[in-house]
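What follows are several structures.
Two complexes come next, and they have one chain in common, chain A, joined by chain B in the first and chain C in the second.
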Partner chain A sequence: MRSTIYYKAKKTSENIIIHLFMLTVAVTCIFPLLWMVSSSLKTQETIFKDMSIIPKALHFENYYQAWIQGGFGRYFLNSLIYTVAVVIGIIIISSLAAYAFSRLKFPGKNIIFFIFIAAMMIPIQGSFVALYVLLNKLHLRNTPVGYILCMINVGLSTSIFLLKTFFDKMPKELEDAARIDGCSKFGIWWNVALPLAKPVLAVVVVFNALNVWNEFILALLIFDSRPLMPLQVALITFQGEFVTRYPLLMAGLTISIIPILLLYVLMQKYIVKGVTQGAVVG
Partner chain B sequence: MRYGKFLSILVIASLFLFAGCSSKPYSGKSITVWHWMTDREPAFNELAKRYEAKTGIKVNFELYAPSDAYSQKVRAAAQGANLPDIFGILGEKRDFSSFIKAGFILNLTPYMLEDNAKWKNSFFSKALAVNEFNDGNSYAVAPGIYGVPIDIMTIQMVYNKSLFKELGFNPNRPPQTFEELLAVGKKLKAANLEGLVSGWGEIWMIDCLANNYAFNIMGKDKVIATIKGEVPYTDADWIKVLSLFKQMQESGLLASGIVTMVNKTAEQLFANEKAVFAFNGSWSVNVYKGMNPKLEYGAFLPPKASDKYPMAIWGGAGSSFMINARSKNKEEAVKFLSWLTETPQQAYLAEATNNLPANKDSINKISDVMASFAKAMDYATHPNVWGVSEFSPVIEAFDKGIQSIIIGEKTPEQVAAEVQKIKERELAKKR
Partner chain C sequence: MKFKSTLENYVFVAPAVIIFAIFYIIPFISVFQLAFFDWDGILPTKIFVGLSNFKEIIADKVWWQSVWQSGYITLIALTFQNAVAFLLAWACDREIRMKNFYRLIFFIPPVLSEVVVGLVWQWILNGNYGILNYWLTQFGLANLAHNWLSDPDTALTTVAIVHCWKGFGWGFLLFLAGLQTIPRELYEAARVDGANSWNAFKKVTIPLMIPVVVLVAILTILGTMQVFVLIYTMTGGGPGYHTEVPVLRILASMRGSSRFGYACAQGITFGVILCMVSFTQYLVNKRAKA
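For the complex of A and B:
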C-alpha cells in the first residue's frame, strides 16, 4: 500500500510540472510586451547594443516625442470614434441579422446566410479596388462615414456567425413566455435575446474593437486627408523605407495598446463566459 | 473718422510687411504629391514651404506608407480617376508601362529637352534610364522619359576601417581583387570576427552580387545572350561565377548563417562592429548612422575577379515621381519637379535624408561615404534597363542554387545544370 507521502509527493511534482509549463507559456506571451516597453525606454543606438530588459538609462521622453511627432492626439480621437461607431454598428446589425437567421423563416434564408459566411473567406485586400470605386461613386471616399461603413461590413459576417450559433442554442421557451407577456418580435430580441447574449456580445465587441483599432490599410486607401486617419497611421511615421525609429515606434505602440488592454480587462469576465458557453464554436 | 485713420494705418503697415517679405503670396494654386517615403517627409515639407515662398504655389506632400499600401492606393486611385498631380509607381517596369499605356503618365521628354536638354543633363544618365523607354522597347510604350528621379541608389561593398586595421590591413585601401578579398577571409577565424554579412536570406541580394560578377567575368553581351537563351548556364563562365561563392565560403569570408540572414540582421551586425564587410545599398548610410553614429567605414566596388570586363553593380533611380497626364495642374507639376531636382534642392535633400542625389552636380556637397556610393553610378546597371528579363523560376533556381553551394549541398556544376534545365523548360513553354 502506497503511503500518503507518496501521493502528496506525486501531486506536488505534477503541480510543479504543470505550473512550470504554464509559467513558460505566460512568459512567452508576456515577453514581447516587456520587450516593447523596454525598447520604448532606450535610444536608437542602445536598442541594438543594450539587450537588458531594464535599460541602464530610462528615456521616458520617447513617449512625449512619439505623442508629439506622431500627432497622436488627433489620431487617437479618430481611432476612438471609428472603433466605437463600428462596434455599435456591428452589434446592432449583426445581432438583428443573427436573430433573424436563427428564429425567422423566410425564403432563401440559408442561401443568404451561406453568402455571409462565404464573405468571411475573402480577404479585404481582394476588394480594395472595388471598394474604392464604389465609395467614389457614392461620394463617400475620404469621409469618416465611408470608412465606418466599410469597417462595419468587414466585421459583420464573423459576428453574425457567432451570434447565430448562440441564438440557435437559446431555449425557445423563453421566447414563448415573452410572447405570452405581449412582447413583439423586436421586443423579444431587445428584452430576451440580447441580454442573454451578453457573453457572446463581449466576444464580438473585443474581436471587432481590436480589428478596427489595428486597421490602417483600408484607412490609407479611403482617406486622402491626413487629419482623418486613425492611430495606426501615426505609428507608420516612425517606420521609414530603410530606417525605423524603434524607440519612438515602441513608445507609440505601448500608448496604442492601452485602450485595447483596458477593454480586455473590463470584459474579461464575459469573454471567458462567452468562450466556455460555446460562443466560438466552429 | 477715428476708424478710418486706424484702417489706413493698418493697410499701410500691412503693405510694409508684405513689401518686406521676399516671398510671394499664396496664388490659390496647389499641387498634390502622393509619396511613400516616411523618412523624407520633413525634408519634403520644408522644400514645399520654400517653393510656396518662391512661387506662391502650395505643394501638399501626402504620405501613404508602407509602400505596399501606397501601391494599392495608387492602383485604386487610377481606377477611380483620382490620381493626384504627382505620384510614384513602385514595382516593375511592366507596371510602369501599363500606367503609361492607360494614359495616366505624362511624357516628360519635351520638357527634359528644353534649353539644350538642360534638365535631362542635370541627372546621372543611369538614374534617368529607369524612367526611360527606348525605341522598340518590349513593353510597346511610345519612346520617351516618363519619370523624374528624386534620388539614386547603388549597391556595393562596405568595410569597417577599424576592424580592417585590427586584421593588419591598410584601413584606407579596401581589397582591389578577388584574391585580396579571400586573403582577408583567411585571417578572420583567428581574430574571431565575422567576415561578409548581407541579406542573402532575401535572395535578390545574392542575385545582385552574382550578376555583378557575371558582368565582370563574361561582359554584358554574354549575360544578355544567356537571358535570351543563346548561351547556356552550363557555360564555363557561369560556372566560374558560381564557383566564386564556393571560394568565398571556403576562405571563411562569409559570415555564419549568411544564407538565411535578412538584411536588417546584417545591418545590425555591421553597425555593431561584429562584421568586417557588408554587401549593401547606399540606403545603409542612413541605417548605420542611426545604429552607430561613430562607425568608421568606407564603400568600395566588389573586388574584380577578372580583368576582362569592368565590374558592374546594381544601381539607378532610387525613387522617382511621375506626373498625372490628366491633371489640370500638369504644367505646374512639371515646373515643381524641375525645381525640386535643381542642385540646391537636391543637396538639401541629400543632407537632410542621407539619400544620394539624382542631380550629378550635387555630389560635391555630400559626405565621403555617400560620395563613394554616388561615384559608383558610373558602374551601375539594373535588370530594368537590360531590355530583356529572365524567367522568375530561373532566377529562383539560380539564387537558391548559390545558397546550396554556400552550405556545401551542391557543386557549381550541379547548380548550373539544374538552372539550365529549368531555363530550357521555360523556353519550351514560351515557344
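For the complex of A and C:
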C-alpha cells in the first residue's frame, strides 16, 4: 500500500518537473512572437516606454500603414508570386525527372542521377558569387525570372530524391494497366504517378514553400529595384532606412510570418515526415 | 521506334538537367576559375594571379577569426542546443499530456525565417529599449543589463544562443522520431530485470540512439558552420569583427570590396574546411562503431 502511494507521488512529481521544463521552453519559443505582435500595436511614442505585453491602446492602423506606406503589401505579393511559381516549377520538373530516373530507361541515367545527389552533399559557399556573375551575363539579374529559376534549382535535388524514392516503391500494375489502355508515357506520369504521389508531393510543396518564402541571400544579390523585392529583403531594407520606426517594422514582420504559421499548422504532419526523411538524405 | 522512345525519355529529365547545368554546374566550375583571378566583377579584363588569393587568405587574420568564431557557435550548438533538444525529446517520448502541443510549439522557431528571428531578437535584446534589459532592471539585476549585441564580450555568445533557439526544434524532431522507434518491450524487459529508469536509459536508450545522435551532430555542424543570415541581420558581423563568420566574409569580399576572385578563393577554402570536418566526423564515427 505504502509503496503504491510512494510510487504515485514519485510519478506525479516527476511529471510536474517535466511539464515545468517543457512549458519553460514552450514559453521561450512563443514569447518573441508575442512581443513582436505586441510591439506592432504600439505607437512610435509608447513603444520605447510601454513595456506591457498587452498595450493599453491597440493601434491596428500600424498594419494598414505597413501594408500601404511601408510597401509590405507589394512585397507580400512578390513573395507570394515567387513562392507559387517556384513550387509549381519544382513539382513539375522534379516529378518528371524522378519518374524517369525510377521507371524509364536511357543511357547515362545512373550517372546523371548520381550528379544530382552528389550536389546535395557538397557545400559550395562561393557559389553565390559565381551565380551573380552568371546572372549578370545572362541579363537575368534583377528579374523575377532569374530569381525563380535559381530557386527552382535550389530545391531540385532533394525533391527529385524524395520523389524517386517514392516511385521506386510504387507498384507497377497500375501503370501497366494504363499502358494497355493506350496511355502515353506523359499520360501515365500525369494520370497515374502524380496522383499516387500526393503524400510525397505534399512534403515537397511544404518544404519548398517554406524555403522560398524564407530565402534571403539570393534575393538580396539578385534584386536591386525595390518593387521586385520579396519580403525578407524588404524587411532588412526597411530596417536599414527607418531605424526607429519599430511599430511598422514589427507589423511588417508579423505580416511576413502569417502565411508561414498557417502553412505550418495546416501541414504539420508533412513537416514532421519531411524532417525525418530529409535528414536521412542530407 | 526504339530511338524515338529513348529520345522521349530524355525529354522527362531535360528541364531538370538544363536548369541544374546552368544554375549549379556552371557556377560551380567558375568558382574554381575565378579564384585564380583578380577581378572587380565589372571590368571585362580579369588579371590572372595564380595562387596569390589563397596565399593572402592564409595571412588574412579576420578570415581565420571568422572561421574560429563559426566554430565557437557550432560548439555551443553541438552541446547546449542538442542537449536541450534531446532532453525535450526524451520527456516528450514518455506518457505525458499535451505531447502534440509541445511538438507543435517547439518547431515554430525552425519554420521562421532567419531575418524575422534576427530582427525580433535584436529588438528584445536592444540595449536601451529592449525588454530583456527592462526585466533585468525590474528584478534588481540592473548590473547585468547591457547592450548584448554591441558588447564585444557578449555579442558572439548572444548570437550563438539565438541560433540555438532557432535550431533546437530540428534536433528535437529527429531525436523524438528516433526514440519512438525503440520497442517498448525493451524498456519493460529492463524493468522486469530490476533496472531503474536511469539504468534503462543508460543501457537501452543511449546505445540505440547513437546513430541518431551522430546524424544530428553532423547536421548541426554542417548547418551551423554555414550560419550567416541570422548574424547579418542581428549584428552585421560587428562590433568590430567579433561576430564575423566565413560566409559573411565571402559576401563582404564580393559586395564590400568588389574582389570577386578573392571571394571565390575564400569559398573554396571554406568548402575544403567543411569537407575536412565531415571527413573527421566520418572517421570518428567509424571508430566509435568498431
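By definition in this document, the second predicted complex is superposed on the first by the 171 of 282 C-alpha atoms of A that agree within 3 Å, B and C clash if a C-alpha of one lies under 4 Å from a C-alpha of the other, contacts with A are read in each partner's own complex, and residues count from 1 in each chain.
By our rule, contacts are C-beta pairs under 8 Å (C-beta built on N, C-alpha and C of every residue); 3 or more make two chains touch, one makes a residue touch a chain.
What you see is a predicted model; the values in this text were computed from it and never measured.
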Chain B versus chain C as contact partner of A:243, first or second or both or neither: first
Which superposed partner A:44 touches (first chain B, second chain C, both, neither): first
Partner chain in contact with A:228 - chain B first, chain C second, else both or neither: neither
Touched partner set for A:133, first chain B, second chain C, both or neither: both
Partner chain(s) touched by A:201 [first = chain B, second = chain C, both, neither]: neither
Partner chain in contact with A:125 - chain B first, chain C second, else both or neither: both
First, second, both or neither for A:217, with chain B first and chain C second: both
First, second, both or neither for A:193, with chain B first and chain C second: neither
Residue contacts on chain A - larger count, chain B or chain C: C
Interface residues of chain A shared between complexes with chain B and chain C: 48, 125, 128-129, 131-133, 216-217, 236, 239
Residue ranges of chain A touching chain C (in the complex, touch as defined): 15, 18-19, 21-22, 25-26, 28-30, 32-33, 35-36, 39, 47-48, 51, 92-94, 96-97, 99-101, 104-107, 112, 115-116, 119, 122-134, 149-150, 152-153, 156-157, 160, 185, 189, 210, 213-214, 216-217, 232, 235-236, 239, 246, 249-250, 253, 256-257, 260-261, 263-265, 268, 271-272, 275-276, 279-280, 282
Of all residues in chain B, those that touch chain A in their complex: 36-39, 41, 62-67, 69-70, 72-73, 75-77, 79-80, 82, 268, 271-272, 281, 283-284, 286-287, 290-293
Contact set on chain A toward chain B in their complex: 44-45, 48-49, 125, 128-129, 131-133, 136, 141, 216-217, 220-221, 224, 226, 236-243, 245
Residues of chain C defined as touching chain A within the complex: 6, 8-10, 12-13, 15-17, 19-20, 22-24, 26-28, 30-31, 34-35, 41, 84, 87-88, 91-92, 94, 96, 98, 101-109, 111-117, 119-121, 123-124, 128-129, 131, 134, 165, 170, 173-174, 177, 215, 219, 222, 226, 228-229, 232-233, 246-247, 250-251, 254, 260, 263-268, 270-271, 274
